[in-house]
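Two complexes follow with subunit A in common, the first pairing it with subunit B and the second with subunit C.
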Partner chain A sequence: MLPNRSKTSVLVFLLPPLLLYCAAVLFPILQSLFLSFFSWNGISDMEFIGFENYVRMLTADDIFWRSFANALIYLAICLVLQLGGALVVASLLTSLRRGRELIKTLYLLPAVISTVAIAFLFVRIYSIDPVGLLNQLLHWVGLGTFERAWLSDVNTVLAAVSAPEGWRFTGLYMLIIYAALIAVPKELEEAAVLDGASQWTLFTKIRFPYIRPVWITTTIMATTYGLRGFDIPYLMTSGGPGQSSELLTTYMYKTAFTSTDFGYASTVSVFIVIECLAAVGLILFMLKRKADS
Partner chain B sequence: MRRLFRAAAVAAAAALALTACAGAGGSSDPANVSPAGEIKPREISWLLSRPADGAVINIMKKLAGDYAKDHPGFALNLITTPDRPSYIQKLETLAAANKLPELFDTDATPFAQQLAKQGKMVDAGKLLKSLGTYDTYRPGALDYQRFDDGSLYMIPFQFELEFIWYNKALLEKAGVTVPKSLDDIPAMCTALRKAGITPIAIDGQDQWPLERYVAYQPFREAGPELVQKLKKGDAKFADPAGQKTVQWMAELGKAKCFQDGFSAQGYSDAQNQFTSGQAAMYNIGTWELPSLATDKLNPAARDNIDFFTLPTTHGAVTSANEFVSPSGIGMAVNAKTYDPLVSDFLKFALAKYPAEYAATGALSPTTNVQTAVPANATPLYKKALDTANDLGSKQAMPWDTQLDPTTNGRLQQELVLLVQGNITPEQFTSTMDETIKQNAPKFFK
Partner chain C sequence: MIVQTAPATPPPTLSPVPTINRRRRKPSLHRTLSRVLISLIVIVQVYPLAWLFLTSLRTEQDFATGDPFALPGSLTWENYARAFETGDLGRNILNSFIVTMGANVVIVLFGMMAAYAIQVLGFRLSKFVRGLFLIGIIVPVQIALVPLFIDYSAVNLLDTYQSMIIPLAGFALPMSVYLFSSFFEYIPRETYEAASLDGAGPYRIFGLITLPLSLNTVVTVVLVNSIFIWNDFIFANTFVLSEELKTIPLGLQNYIGAMGKVDWTATFAAVCVTITPLLLVFLVLNKAMIQGLESGATKG
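Showing the complex of A and B:
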């Protein structure tokens, strides 16, 4: 229990950031909620239409459902690349004796490059005419039949726009997980090895349970970042061809700033907020249940 | 409360622009083009979507400087966003915040028409008449800026003609000639592909270039009025004229007319493909004359390049000398901030602009000046300029300025799918007719 004076100090120091948070996060969310009950194109009078936007979104908008499905696939690809890739690299790093710093720096490098640069870089990598790096590599290794216009093909574009986002943050999560892994007490691992535990058992029974709190945090971070993914897909394909790489975020943005349907765009944005909260709740629930069992 | 929310809803996005664009108050009557009172010099802003080092901006900078010599304290703040989609978003955000600057660029879109109906734009027809310059403008340049009801709220600063540029050597290699009809193009593409040549280079990323093609058949088949009916739901893609263009677009796709992966390729990619001799054709306007008809062009391609105007069709209702001839994005004058200073500056600038613009080698929107052909131009340059002397009275309007924004966005998306063969003409037709049915009433009725 903190003494009274300390409580006051905490309150004084917490209040300004809390107010800032309310103004920058909570107020816009409430504002979007308010706008979602209106029909408004920005210059006309706002017309109250109740739940009409929600009914339209859930029952009569094929692009919304397509974007939602795309967003889930995009999220899945990002999570596999970011968390899976990060865990593998971090685990390998712990057993490396030399060159750790260099490898950490190289993996982290994409996280500090501007998303615009990454988007343009990958547009060139995926290009078919002129031949980009990916198609050239496929040609060199004798897989020429797989050469294609990755960003124009409706079957490959979603994976193609997800990969740069996954690649970009693998290094960041790798660093977090690596820091957690090296904090696992050596005596625990040594005791398990003496008891005859294999590397796999060591990982699943000792290391992973030990880093579970960090894993939960990184999973929540990666999931919410993935659900909010916008800039790289928008810059690379603008949701196309057709709606093949349209995400809820790009759809919301276009609805607001291209279609000037601010009311409906707010409805989609409210859905994104609910979706993020639901995802975080689900992650906590699943991981807690697993920990309890 | 509503007003508070309304203002706050756009405040974040508009914040940066507001500082640059906030103007002084003035007349708010769109028809009052000659406001009375003293000219009080101040800084005014022009929110525009034109190349930062382009002729329009350079000339207006110079003219503003000249005007400021006699009016100390005057300055013209040019805020440019050449990327059109980004610009439109900026414009719409500022319009929503009711913070448009003194001058702003816009096409004759349904959104702009709503602004005009709300009295937010000065009547440009009356303004030009009051300045005594209305009759000097090319009728086509003004018509391009008009809304459907004939009203004029934007002032043109350019006049362009859109051609299909082609490489003579590549056509010869494939054993094909310039198409006599639009319907000849798919077969022409097939022959070019067989000869290992990309038929048409196109900027797929920006979407408007492909949307040009969908306008061609209806313009020949049913004239410029068709898009005006279609956008309101009074005509459909399911009708014969609509079906003609849908089937034609699908045929262009089947014949692989556009370069592989075109939907992810940009403006410079397309231009490079044509100027480097990889693609046989390229549909672009006279704004590219300095790249296509001067000694800047790759010498290997220079002598092989020519152009043809939009081919007609059997039974076409429009003539060969009628095609896309836009006068570029127009400049609107904010009625809220229109005052004696803005009026006086426009009078000064618009009187001097045409001569300065024509001197750069571009076609002026007015007929009272002669375009100077640059010293490094090829004969093609003058041939392109001369085409402007023989234009018919009808012009094909780009559909991206005509349709409501949601329908336009969906059309651009579905067109790519249709041309790539991902959807059938029937799917395209039903999707687009349904989209227009849902969205047109909000904008046009």
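Showing the complex of A and C:
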């Protein structure tokens, strides 16, 4: 604490940021909670309906459950690509002598590009007429029977919209995990190698336990980002065909701004917030138990 | 341009002398394998971007009939001309600049002020305020869309630069507060005490000591946030309707014609134009940016 600070000076520094933060983040959360108890289309009078929106969401809305399931699959695909991919590349990178900086830069490139550009790019990659990269590649390696319009096929569309999100951020998580991996003390690794540890044991018994805290951070980051995924599915398919690539976020958005059902959309957003908080809690809980055992 | 990373496969090693046990050979095999694997992964990661650029240089006809993997038959800049005609690219880029700059000024200044109050000045509820800021990191931005839309329309803020800047800055503020406060921890107490003895109050200390010392953190915060703000789609798409205020992500949508018919080569040219500024900054400053992303994640 500064020797001669005053109450006013604290307020002068704290109030502007806090006000902005309240206006943009905290107040809207409370407002969503409030709106979720009303039926309102933005024009007519707001009508208080208690828990009716919640009852409807949980018991009578198939699209909601469909979107929820889709969001979980979307999350799973993103996590495998981002964390799995990141871990593999980061550990491969540590065994490289030169060119690390270059690879880090190249690998991070997609994260700098806007989701709209990525959505366009992948629409083209998946397309069948004119033939896109993916179908051409399948044709070349003799898997021509798998060629299809990836984004109009209800069986493949969800995976097809999840992959770009995974692709885009692998580099970011790789960077973080790599930074942690090179901080693992060399003496530990050398001692293990002298004892005859294979690369695999080296990884599972020494490196991975050592980077556990960073692994937790990245898992939480990737999970919360995966659960709020919106741009790419919305831009590529807008949740279609049917509801086969609808996520909770795109469903909420359409409920609010296409059907102008603000009350119900707020109910869905409250659910999204709870889902994110629950996911973070669950990750911390599981990782803590594993560490204790 | 990018595929040069593939390492030349090392010349076949001499057949191992029998006395050398297998352990000595293993690492080099391991290394070769990981080099090949890593090159493959990098190619998968980067090829789509190279392809995007190459496509933007192909003629429409070449694109419609040709094999997508083939190199362009002839290069043309015509797509770029058409891209500028179709959309209002210049306008979009200017708008993105205004929003990115505006939000960054707010994020840096307010983030620094809040961190100064919490970390340096200190007050009774500082732990609580710090916790409040943590909420903003976990909560998804989508939750703010409906309430802010309603509030903005009540106070006539829809369709303004502020309508984008306020939520972008608000949601970026927590991370900025954390980065600044963890940096402020390293400024020695004695510096402040000495300044206080010389009669400097909290305002002068902020302006003459804290602010100049944190320039590195400012760069980090600006770089990391600029990526997200420059590319923001959701706030711009929700709060902005008029053409004059559209930022780059929205402007790109103009290239989809009626019935979803897309002029692909012009679209890709437009995409190339719009990703260039950020890409250049990234390539020039990638060390600082990479460091920023790393520290942002490990401290958040």
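Note that in this section the second predicted complex is superposed on the first by the 270 of 293 C-alpha atoms of A that agree within 3 Å, B and C clash if a C-alpha of one lies under 4 Å from a C-alpha of the other, contacts with A are read in each partner's own complex, and residues count from 1 in each chain.
Convention: contacts are C-beta pairs under 8 Å (C-beta built on N, C-alpha and C of every residue); 3 or more make two chains touch, one makes a residue touch a chain.
This is a predicted model, so every value here is computed, not measured.
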**Asked** When the two structures are overlaid on chain A, which partner does A:I43 contact: first (subunit B), second (subunit C), both, or neither?
**Response** first
**Message:** If we overlay the two complexes on their shared chain A, which of subunit B and subunit C does A:S259 touch? Say first, second, both or neither.
**Reply:** first
**Asked** Who does A:L138 touch here: subunit B (first), subunit C (second), both, or neither?
**Response** neither
**Asked** Given the touch rule stated above, what does A:S114 touch, subunit B (first), subunit C (second), both, or neither?
**Response** second
**Request:** In the overlay, answer first, second, both or neither for which of subunit B and subunit C A:L287 touches.
**Result:** neither
**Message:** Contact-wise, after the overlay, does A:Q31 reach subunit B, subunit C, both or neither (first, second, both, neither)?
**Reply:** both
**Request:** Pick one for A:L202: touches subunit B only (first), subunit C only (second), both, or neither.
**Result:** neither
**Request:** Have a look at where A:L188 lands relative to subunit B and subunit C in the superposition and call it first, second, both or neither.
**Result:** neither
**Prompt:** In this superposed model, does subunit C or subunit B come into contact with more residues of subunit A?
**Reply:** C
**Message:** After overlaying the two complexes on chain A, where does the subunit B footprint on subunit A coincide with the subunit C footprint?
**Reply:** 28, 31, 35, 42, 257, 262
**Message:** Could you list, by residue number, the parts of subunit A that touch subunit B in their complex?
**Reply:** 28, 31, 34-35, 40-44, 46, 123, 126-129, 149, 151-152, 154, 236-243, 254, 257-262
**Prompt:** What residues of subunit C sit close enough to touch subunit A in their complex?
**Reply:** 2, 5, 7, 23, 26-27, 30-31, 34-35, 37-38, 41-42, 45-46, 48-49, 51-52, 55, 63-65, 67-69, 106, 110-111, 113-114, 116-118, 120-123, 129, 132-133, 135-136, 138-151, 166-167, 169-171, 173-174, 177, 192-193, 196, 201-203, 205-206, 227, 230-231, 233-234, 238, 248-250, 252-253, 255, 262, 264, 267-268, 271, 274-275, 278-279, 282-283, 286-287, 290, 293-294, 297-298, 300
**Asked** So in the complex, which bits of subunit B are touching subunit A?
**Response** 2, 5-6, 8-10, 12, 85, 88-89, 92-93, 95-96, 111, 114-115, 118, 120, 198, 204-205, 207, 259-265, 273, 405-406, 409, 413-414, 416-417, 420, 422-423, 442
**Request:** Spell out the residues on subunit A that touch subunit C in their complex, using ranges where they run on.
**Result:** 1-6, 9-10, 12-14, 16-18, 20-21, 23-29, 31-32, 35, 42, 85, 88-89, 92-93, 95-96, 99, 101-117, 120-122, 124-125, 130-133, 136-137, 167, 170-172, 175-176, 179-180, 196, 199, 214, 217-218, 221, 224, 227-228, 230-231, 235, 249, 252-253, 256-257, 262, 265-266, 269-270, 272-273, 276-277, 280
